[in-house]
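You will see chain A twice below: alongside chain B first, and alongside chain C after that.
Moving on, here comes the complex of A and B:
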């Protein structure tokens, strides 16, 4: 029973991490229709910014996290405004642009910090223990932050005028512009929020694992998976899918074997997408190219 | 024009999967070996994972090649026949994959490179050997695979001893320190992971302890499920075999968080410094490993500044451990008097006395395991971290 509970908690914490990773990715796709291949790179940049502030400059970890969020949001804002925005309706072009940004981000971190992992412990190191069940403090923090981030993004999109404007621009850009909405202000802001979330994730999660220039590739893969499985552009779908992926990984990894988790996970997703091509909470649409 | 979202996503999915399926090759220099107008240039290829979780291995291999090249060039170049040849190093990032190493071999062939220091992963060596053989390329490699050396590839050598040589003696010495009885082995589920873990498993069995082997998917970032599985059998020793340093560091961190109090081992290639960076010395606590060199010895202390100056990086255990073998390659090229005829160089290399200032007297091994005596076995050590104190080293003899 203890092992089952431990696995369940492990799966949920894993799912919370994945949800945090997928949230920004889903936001960029949901609002801008941009598949942001630089999402993993923003995660890495966020991790390195937090590391730099904490380990090199010597400031508290909390400040490192804040700098990571603001720094990656600022980069994302500028990137959207000056690069993405020019070809926002050409989906293949935005794929290439974000892929290029991803390579540049990885190479920049490689030049600045080297290929090897850096020593980055972050702020929380202890573990809660209850009987045979353990939960590291840092994971609890990630769950809390993931919950807050999901709630904040939901409130922004569905309970504010800015959110209404963003969704209107997504649904019918020409009509929304005619109604006075300004995509050149709103889209960079949405993209900045998405990249800021990636930076936040990097700052929180990399101390738990390892921080090296190309660890973002896995994050991109998981985010992409959650967005597809959850239903394109659906934030609740991405969150539910992330938790499902986390649980499947945990239970298969524990009871069947670590090597089997990706096989079973991807087979399950394949079957699900055959049965329900639009994902868990998605719906079929055609977009203009 | 209207494009379905499905089509857009197919392109995107291909791009996500792409990096996992392709090697990220890059080369550092161009040109070919040879001599014209009196200038002789010997180009040495070196390849391995220069980025990613196993970068410590590849960068160490590259640094070894650069260091021995700098030694040769400090004397005006390597003496080959009646010429002094400048030694240049050309690097290639294999991404720690078989296809990356094969692509590296083709790249080297296109540059006329005949001598290679590397590769170092079992799967890399498997992918590279057939391509290298096609171009008569001599490999001074270090893959720990069970078929790393083969009679049908006479131009492939091992720069240092493999786990067949050192795993047994290290386990025996470590058991006196930690008295372990229940061992769990974990390694990635590919040839580079499996082959070494299988050898380690056999050696633990010979020692008479309970041992079970498990695998994980290379690229895993969160090891929480793996940790739960590892702890299920309540082991008192967890050996990571040749798992990448970044993975080992993360697993150690997560195992300690989960309350594991036992001992760790890393009986694969040595990258203890990198593991310590990720895990933290406190989490390592009790840890033993294959150490190619003794960092406390005068010879090693003496060479480190020169190594740093020549390569720009701090010497790692493996980079130093590969120096004697790499020097042997250059000595053999010099003695054979050719920078083109790899078969002639291989013949001289087999007859080399394997005496080196850094590690002392080496011997050729491999006949029993591989059917070919082309593994340079230098004296080796058990590195030991006990109670979180800095590592100490014990020199050991190869298993008889």
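Moving on, here comes the complex of A and C:
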């Protein structure tokens, strides 16, 4: 029973981390219809920014997190405004350009910090006991931040005027522009929020996992899984799917064996695509009519 | 009407450059170069650099060819590493357990991935472009994980080593010149396959890349040709895996890292859509990797920058830039003495012909006998809570013409979309010659004989008019006779522009071409979505003739139109729709004086006003529906 509970809590915290990873990715697709292959790179850049501020400059971890968020958001803003925006209607082109950005980001971190993983402690240490289960403080913080970020994105999209404008632009850009909405302001902003979330995730999660130029690949993969499983463009779908992925990984890892977990997940997703191609909560629109 | 102009005389030179057929000439050229490389380079130099570099370039080239082939059907694939892995491990298993005969190995490494691609294609190709890209990425992970877990047969994460090299008779393709030669031959097999596929189905691929909905509405089955591309691309990637593992002598999951697909996508995009693109891209990539062997970050940085720059500024890649430069050069050379005549091509006196149309054509009688061709029964479409079309029924007989009119948002286009298969109805039935076809795909509808035109111009805009027709003919099960096609071309005035690029034509001619394509499939049912919208008044007369042409030949025509003059001229019967429902149905005279119809259009409710207006206005005024007034009036009344 203790093992089950430990696995359960482990799976849920993992799921919360995954949800945070997938959130920005899902947002970029939901609003801009851009599959951001640079999402993992932004995560890594966020991690390194926080690491640099904390370990090399010597400022508090909180400041490192803030710099990571602002820095990645600023890069995302500029990237959208000057590059993505020019080919926003061409899905393949945006994929290729974000791939390019991902290569550039990875290369930059590689030349600045080297290929080896760096020792990044983060701010919170220590654990506490919950009914016989040990939970690190940092993980609790991640769960709290993930919950707040999800709530904030939800409120932004569905309860504010900016959110309405963004969703209108997604539905029918031409019409929304005719009604006076300004994609040149709103889209870079939305993309900046998405990349800022990636940076935030990097700053918070890399102390838990590891920080090296190539770790973004894993984040990208988790994001893919979450959006395919949850349905492309569905924010609640991505969150639920992330938690599901975390739970499956934890339980299969405990009861079956480590390397089977991803295989079961990936194969499960391929099977899901046969049965229900639109994902768990997605719309039918992803299928060609 | 210009009857004397012989087709295929104008501007063949310019369009020839853009025609895909030119690749036919490129392939033997590349073949020669590669054979020369393979057979002479090692003998001349025995250069250890080239001995490892040539296979590396060829592996990247074949892997990029995988991406390239699928890009031709508008799909982005990251599945080059998994199919390479299949090829590579097939080589390992066959060479270790069965035979190291080179021919057997080549066949196995080509066929096994291709066969595996069939069930995978069944699943993956149902997905839309962006989704397909994501899922191929997932597939790459799955294959690596399977290899890692299959410790027994595939060696797991420590891999398989001691794989014997391919042999043919006494020759071992293990190292040196032999290795290079074998790699070149395998690469030629792969390129030959890719070239064959992309030439045989060039029309299908080009149409899918450019305008899939139009291609499907003309009868092309998108899924089928995407599957062909996917299967052959899998085979090509399998051959890349063969060269790789034969060169390495051991198979290891790290050789097939999912992220290496990024390099293949990059090489394919940077190289461009020409058949030479992947070769050029692979060469550049391999060179970058070689130059920055000790500082991988710089090659990665350059690659990233190149990807963004090419996407922004050179959509047709480096080979496209070369072609453009060549065009500029030839133009610069041929400029003296040959002014660009195309821009000032004299136009025939179209006004004369169209005025004659107005006077000579008389409206057809409503067809009340004969078999019902198309029967639509209580068709409905709901988007969320909104019923765009709500229980509309109609019948069309051979040679019948039905006009469908109504204010914007009445559901007219949705009706056409459902009958043509572009949308699946929420309720109701579509019957064609007694057969229920409700909810069939556009290509099946086309095969059943339902053709449609689009409200906006919809043509294959980067191809010539002639090529547009050839594509339509290649996709459709039915086609007009040559005489009929000539007649149609004359009536639309397109006969003089056969070799012009469709996208360069004036709007009116593009729109007419968009009408001609479905018409030329000799449909049993022709659905026209605002054919006159955007046409000059002088061009609208041609619509009369085209519709008449189709009706005389037994097509049942359903015409959605806002131009009331046109509708009254050619439609013996009208169906008026408002907010998704049928408002009136009958002859134009009866329907257009119906108070409900006038209310729907002009938002007038008062009986006296109605009487006044019915007397005063020409029905053509109805062509400008007063959007919004309707609602306001209702509020005032309430």
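By our rule, the second predicted complex is superposed on the first by the 282 of 289 C-alpha atoms of A that agree within 3 Å, B and C clash if a C-alpha of one lies under 4 Å from a C-alpha of the other, contacts with A are read in each partner's own complex, and residues count from 1 in each chain.
Heads up, the rule we're going with is that a residue touches a chain if its C-beta (ideal position, glycine included) is under 8 Å from a C-beta of that chain, and two chains touch if they have at least 3 such contacts.
Everything quoted here is computed from the prediction, not taken from an experiment.
Enquirer: Return fit or clash for chain B versus chain C, each positioned on chain A through the superposition.
Expert: In the superposition, chain B runs into chain C.
Enquirer: Between chain B (first) and chain C (second), which does A:119 come into contact with in this model arrangement: first, second, both, or neither?
Expert: A:119 sits against chain B, while chain C stays out of touch.
Enquirer: Quick one: classify A:3 as touching chain B (first), chain C (second), both or neither.
Expert: A:3: touches chain B, not chain C.
Enquirer: Identify the partner contact of A:259: answer first if only chain B is touched, second if only chain C is, both if each is, neither if none is.
Expert: Touch partners of A:259: chain B and chain C.
Enquirer: Identify which of chain B and chain C touches the larger number of residues of chain A.
Expert: In the superposed model, B touches more residues of chain A.
Enquirer: After superposition on the shared chain, which partner residues are touched by A:91: those of chain B (first), chain C (second), both, or neither?
Expert: The answer is both, since A:91 touches chain B and chain C.
Enquirer: Applying the touch criterion given at the start, work out whether A:218 contacts chain B, chain C, both or neither, answering first, second, both or neither.
Expert: Touch status of A:218: first partner only.
Enquirer: Would you sort A:111 into first (chain B), second (chain C), both or neither based on which partner it touches?
Expert: second
Enquirer: According to the stated criteria, A:80 is in contact with first (chain B), second (chain C), both, or neither; which is it?
Expert: After superposing on A, A:80 lies clear of both chain B and chain C.
Enquirer: Classify the contacts of A:99 with the two partner chains as first (chain B alone), second (chain C alone), both, or neither.
Expert: Both: A:99 reaches chain B and chain C.
Enquirer: Could you point to the stretch of chain B, among 92-100, 146-154, 200-208 or 326-334, that collides with chain C in the superposition?
Expert: Stretch flagged for C-alpha clashes with chain C: 92-100.
Enquirer: Is there a shared patch on chain A that both chain B and chain C touch, and which residues make it up?
Expert: Correct list for chain A: 35, 91-92, 95, 99, 110, 217, 221, 224, 228, 232, 259, 262, 277, 286-289.
Enquirer: Touching chain A in the complex: which residues of chain B?
Expert: It is residues 1-6, 8-9, 11-13, 15-16, 19-20, 50-53, 55-56, 59, 186, 189, 214-217, 219-222, 224-226, 228-229, 232, 245-247, 249-250, 253-254, 257-259, 274, 277-278, 280 of chain B that touch chain A.
Enquirer: Of all residues in chain C, which touch chain A in the complex?
Expert: 71, 74, 76, 123-124, 126-131, 133-135, 137-139, 141-142, 145-146, 148-149, 222, 258-259, 262, 265-266, 269, 295-298, 300-301, 303-308, 311-312, 315, 422-424, 441-442
Enquirer: Residues of chain A touching chain B in their complex?
Expert: Within the complex, chain A touches chain B at residues 3, 6-7, 10-11, 13-14, 17, 35, 37, 91-92, 95, 99, 110, 115-119, 121, 127, 129, 134, 136, 208-210, 212-215, 217-221, 224, 228, 232, 249-255, 257-259, 261-262, 277, 285-289.
Enquirer: For chain A, which residues count as touching chain C in their complex?
Expert: Spelled out, the residues of chain A in touch with chain C are 29, 33, 35, 83, 86-87, 91-93, 95-97, 99-108, 110-111, 217, 221, 224-225, 227-228, 232, 259-260, 262-263, 266-267, 269-270, 273-274, 277, 286-289.
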